[in-house]
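The structures come next, written out as structure tokens.
Paired with chain B in one complex and with chain C in the other, chain A is shared by the two complexes that follow.
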Partner chain A sequence: MTDLSETLPASAASARPSEAPARPAWRPSTGLLCALPMLLLLGLGFLAPLLIVAVYSFMPRGTFSLTSAPTFENYVDIVAQNFHISFLWSIWLALLTTVILMAVCWPLAVSIKKLSPSRALLLTVLIVAPLFVAENIRLQGWSLFLDRAGLLDGGLKATVGLSTGSLTANVPVVVFGMVYIYLPFMLFPMMLGLANVPPAALEAAQDLGASRWQQFRDIELPLAAPGLVIGALLVFVISLGAFSESKFLGKGVIVTVSEDIESAFTFGQNWPRGSALSVLVIVLAGAAAFFGLRRLDLDSMLGRK
Partner chain B sequence: MERRSLADRLRSAWLWIVVVVLYLPLVAVGLASLSESRFFLFPIRKYSLKWYEESFASLQIRDALWTSVALAAVVGVIATVLAVFGALAYARHDWTGKGWYQQIVLAPIFFPQSVLGLALQLWFNTLGLDMTWHASVFAHLVWIAPIVTMVVAIQAYGYDASVEEAARDLGATRWMVFKDVTFPLLWPGVFSGLLFAVLLSWGNFPLSYFTSGADVTVPEWLYGKMIGGYTPMVPALGFLSVVAGGLVLAVGLAIQARLSRQP
Partner chain C sequence: MPQPILERSPILELRGVDKIFGDFAAVERVDLSIAEGEFFTIVGPSGSGKTTLIRMLVGMDAPTRGEILLRGQRINETPANKRPFCMVFQSLALFPHMTVGENVAYSLKCRGIGKKERRERATECLALAHLPASYYDRAVTKCSGGEKQRVALARALAYDPEVLFFDEPLSALDYRLRKTLEKELKDIQRETGKTFIYITHSLEEAMVMSDRIGVMRDGRLAQVGSPREVYDRPRTRFVSEFFGEVNAFPVTAKDGRLWCEPLAMAFDPPPDAPAGFKSGALIVRPEHLHFDPAAAEPIRGEVFNEYLLGSRVQYQVRAGGTTLLVEGMGGQPPATREVALSFSPADSLLFAE
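Right, the complex of A and B next:
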């Protein structure tokens, strides 16, 4: 990342002529030309929709157009009608999921790093593959596994005569479902981060008498930190929008903010309220991603040589 | 030394436990699809393929399969084309504004998909667009093209850019450099990107759900049935969808392995 690009907005920066005299004159424009289709897609498909949501959130309750005078009533309603409870649930679940996944994935990343390249590839494929299965199918699978007379309960009853009853419809199973679904999003950035730890540094520390804990705290953790930050942010932000887990495993014990947003747009027929709730999620997700990613050097993370 | 090897053994045991757990629900879906009874009870009393027969006979399911296949194919191709150029801008070229561009490309990945789906629905509505699976193509692209860009960018970071300069010095035009030098060097990454795009689109639920209007994809059909009441066609179609995705992945990886073995 250049200094210049940090201080100029994209449009202004791209309008600047090249300032590297040693380079052929066409090179900077090639970069911009290549970026254009993507910038167009994201302008029309990401920034514009988010702006529309923001504008709708200031429209009076229950309107379906953008022509009324702006009002704050939807934001007042969120607190007055207790919609902030689902928002807080979502934040809490996302935080829990993030912290649990850090603990679950660290030993996985460490042991994958020690495998031979072909085995590491096999494991990577095994862990990526479930991502390509719709999450509602996988959650239905857990439901079939954990329900009364499901695989676990029925299996135990038939073999040792024990019964677990139904293990669904509670908060811990919702967290479990989220940890399950979002695991690869923590693991892969963590593996990228750990790849920055040279084995020689660990050996040197060990030779100098550092304990396993000291090696972890003073070498592995700081060097792998960018990957950890990316993984944690990714999981936190994506899981803020989770709703299948609470629906299919929680069976409605809690309502997440996405579910409230969805019902405001469908049964509730109140687009402005759904928009106001969405704005809260967007602001939180955006702030987390912006402050987290700003500190990272993406070029070196992805392996610029 | 003793303690370390114990830690290593514990860690690799944990690794295999996690991998098994990742696949447990798919096993449950597979078993449930083979049970003859209307409601799933384990152990299964009678195995049968009748729910598969019913699924294949259902016109709704056939439509859903076609919609999903068409969506994944179109999204795969467009996302990959966008991503090749997107990745060159991301990794290969130095240009002013690149730092901003790199963060903008990441933004849709670092974003809750359900909220993105709803925002797109609102936006299409405001524009007065008809929502069919064509709208879902666009919605999928917003999320998938950036991911494929990252996949291709990793490849773009890895190759030696001086060969491009050599080609230019020898008088190649910009297009010739791209066609004969850059693209062949990027190709393994491009192919993984295509595979990612097709499979991510195939398995996506939230973006399709909010933007496809009356058209129904496989994950949407399953969702509808899971909300409306369980039928064993849910695990049957779910398992078919898993197998189809697995086959595409296996064939793709085989091709990929052959690609990377070539010099």
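Right, the complex of A and C next:
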């Protein structure tokens, strides 16, 4: 080995001058050129607004200027004026949604894996189909179904004389709405993760004496973990910014942080407060993504090594 | 000298075992008795039902009909994780997220054995499979193909099963490594005294390692016997042809001899020819066909190809519109392209059709 490393550079160096053609000093690589439109778009449409929001969060309350002396008063206000309550509600709802979806989607993903390809495709299409209808419309549909004198209540009253009253305007129905809306975001990464579990590995574990539970804990779960983590991250981050569910199904029984942000920017005309709240949400989502993804090898999950 | 295989008590017995998928019988009416400490190999072409048979024995599939007995106890309903068996898979099925040691020690972990003892016993099994203890903490994905084989073997040994099953684990390896592992496997079997049941489509593998061989065809056991028996006294034409290339002469009985139409000549029947034989095939292995210029009734032909097979040489000879294979030990090559061939009737096999 040492011989090689000593002789190789020498011969390479002697060959270099003759074969090096006259090249421009710097030429952008093809990859960079291909990425350029996207980089421009992301720079202007994503990074720049984000920066402006970050700067606004340190401006004095109520101002629309970006050049005042920086201050922390918006962050102090969040706690002082109890805006942290909506923030905590959002975190709690996001966590709850994530955990429920993990429990709901696991058996579903495992069973889909056992189906024949054509049936699995059919089921997948059925699960994806609702995504073609806007979220708000689907939630309005649920609202019409569950409200007092809605489809369920009215239908029961007219047929068997029972009344459910209003099933909306409570916290569980908000969680239900979130679980319903975000199900595909958990299910599909989970299926991708489960595809990494070779059926023979499970049989081998069983053959080696592993119980169902041991097979799940030692083989299935760790091998499918990348998909599980990605699904959990997706659901957590998106549901952290959710507000339609609490609006349409919760009917204002709770206020999420996104609603606070919206009203700060609109009715409140207090951009710095809205920005401060936004920055907190971004930091939390970013931290979750950072710690989640740090433990994953995305390449190996997508089959590249 | 160990006790002869057939006198030992059977550990596993199959009685009239069928496995039917839809209207396809993957395994049909298999009766088999495997002795304690035996190296038993099931050979057969792909699709002959070998894997289905072994999966039923291990407990991953249930037989449609029939009984599987372990020391006389019916185990049809016992799930795989409750049977004292272990299988080395064709794909090896190692756990990619674990180290070599964790793989080997997994069965011990499932049984709730402590960490220290796990490590000790797993290291012993690694040694038995010729892997150094330093491999214990290596990622299994970093191992070479041969090392993975050894890990899979060590993992199966650590379970301390009464019967070890092998589903063509060596088929993906290169020739030399396969030869080495075949010998090691046989050694380990002798050392541990465990019953090994091995499936393969390779005749060579079966011959090298086995005490007995079962030849499968279309879901049935065509013949069971020692490698010698199966090779020298195949019971059907299929078995004889499965064990290497052969010369098959279509023959009909005529005046106490066998008339071969394509060659327009007659052969003497083998001494154990079936009574009442009318027509069928006379099988002669390439190594039993000799160049014999002095033969009384030679098969006349013309050499048109010659292959060197290591220590042996194979000749292709065109005779009467058919191609014959002749194998020599490199001894006397024919002096001319026109050759005369003969074989001793005792070396030929006669199968009625």
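Points worth noting:
Here is the rule we use: the second predicted complex is superposed on the first by the 275 of 305 C-alpha atoms of A that agree within 3 Å, B and C clash if a C-alpha of one lies under 4 Å from a C-alpha of the other, contacts with A are read in each partner's own complex, and residues count from 1 in each chain.
Convention: contacts are C-beta pairs under 8 Å (C-beta built on N, C-alpha and C of every residue); 3 or more make two chains touch, one makes a residue touch a chain.
Quantities reported herein were computed from a predicted structural model and do not represent experimental measurements.
Look at A:Val281: by the touch rule set out above, it reaches chain B but stays clear of chain C. Legend: residue contacts after superposition of the two complexes on their common chain; A:Pro198 is shown touching chain C, with no touch to chain B. In the superposed three-chain model, the partner touching more residues of chain A is B, compared with the other of chain B and chain C. When the two complexes are overlaid on their common chain A, residue A:Ile219 makes contact with chain C while staying clear of chain B.
In the superposition on chain A, A:Leu41 contacts chain B only, with no contact to chain C.
Legend: residue contacts after superposition of the two complexes on their common chain; A:Gly209 is shown touching chain C, with no touch to chain B. When both complexes are overlaid on chain A, the residue A:Ala289 reaches chain B alone and has no touch with chain C. Shared-chain residue A:Asn136: touches chain B; no touch with chain C. Judged by the document's definition of touching, no chain A residue lies at the interface with chain B and also at the interface with chain C.
On chain A, the positions that touch chain C within their shared complex are 198, 200-201, 203-211, 214, 218-219, 222-223.
Within the complex formed with chain A, the residues of chain C that make contact are 58-60, 79-81, 85-87, 89, 91, 93-97, 106-107, 109-111, 155, 159.
Of all the residues in chain A, the ones that touch chain B in their complex are 1-2, 4-6, 8-11, 13-14, 16, 18-20, 23-24, 26-39, 41-42, 45-46, 48-50, 52-53, 56, 66, 104, 107-108, 110-112, 114, 123, 125-127, 129-142, 144-145, 149-151, 153-155, 158, 180, 183, 212, 233-234, 237-244, 247-248, 258, 261-262, 265, 271, 274-275, 278, 281-282, 285-286, 289-290, 293-294, 298-299, 302-305. In the complex of the two chains, the chain B residues touching chain A come out as 3-4, 7-8, 10-12, 14-15, 18-19, 21-29, 31-32, 40-43, 82-83, 85-86, 88-116, 118-123, 126, 138-139, 141-142, 145-146, 149-150, 153-154, 157-158, 168, 174, 199-200, 202-206, 218-219, 222-223, 226-227, 234-235, 238, 241-242, 245-246, 249, 253.
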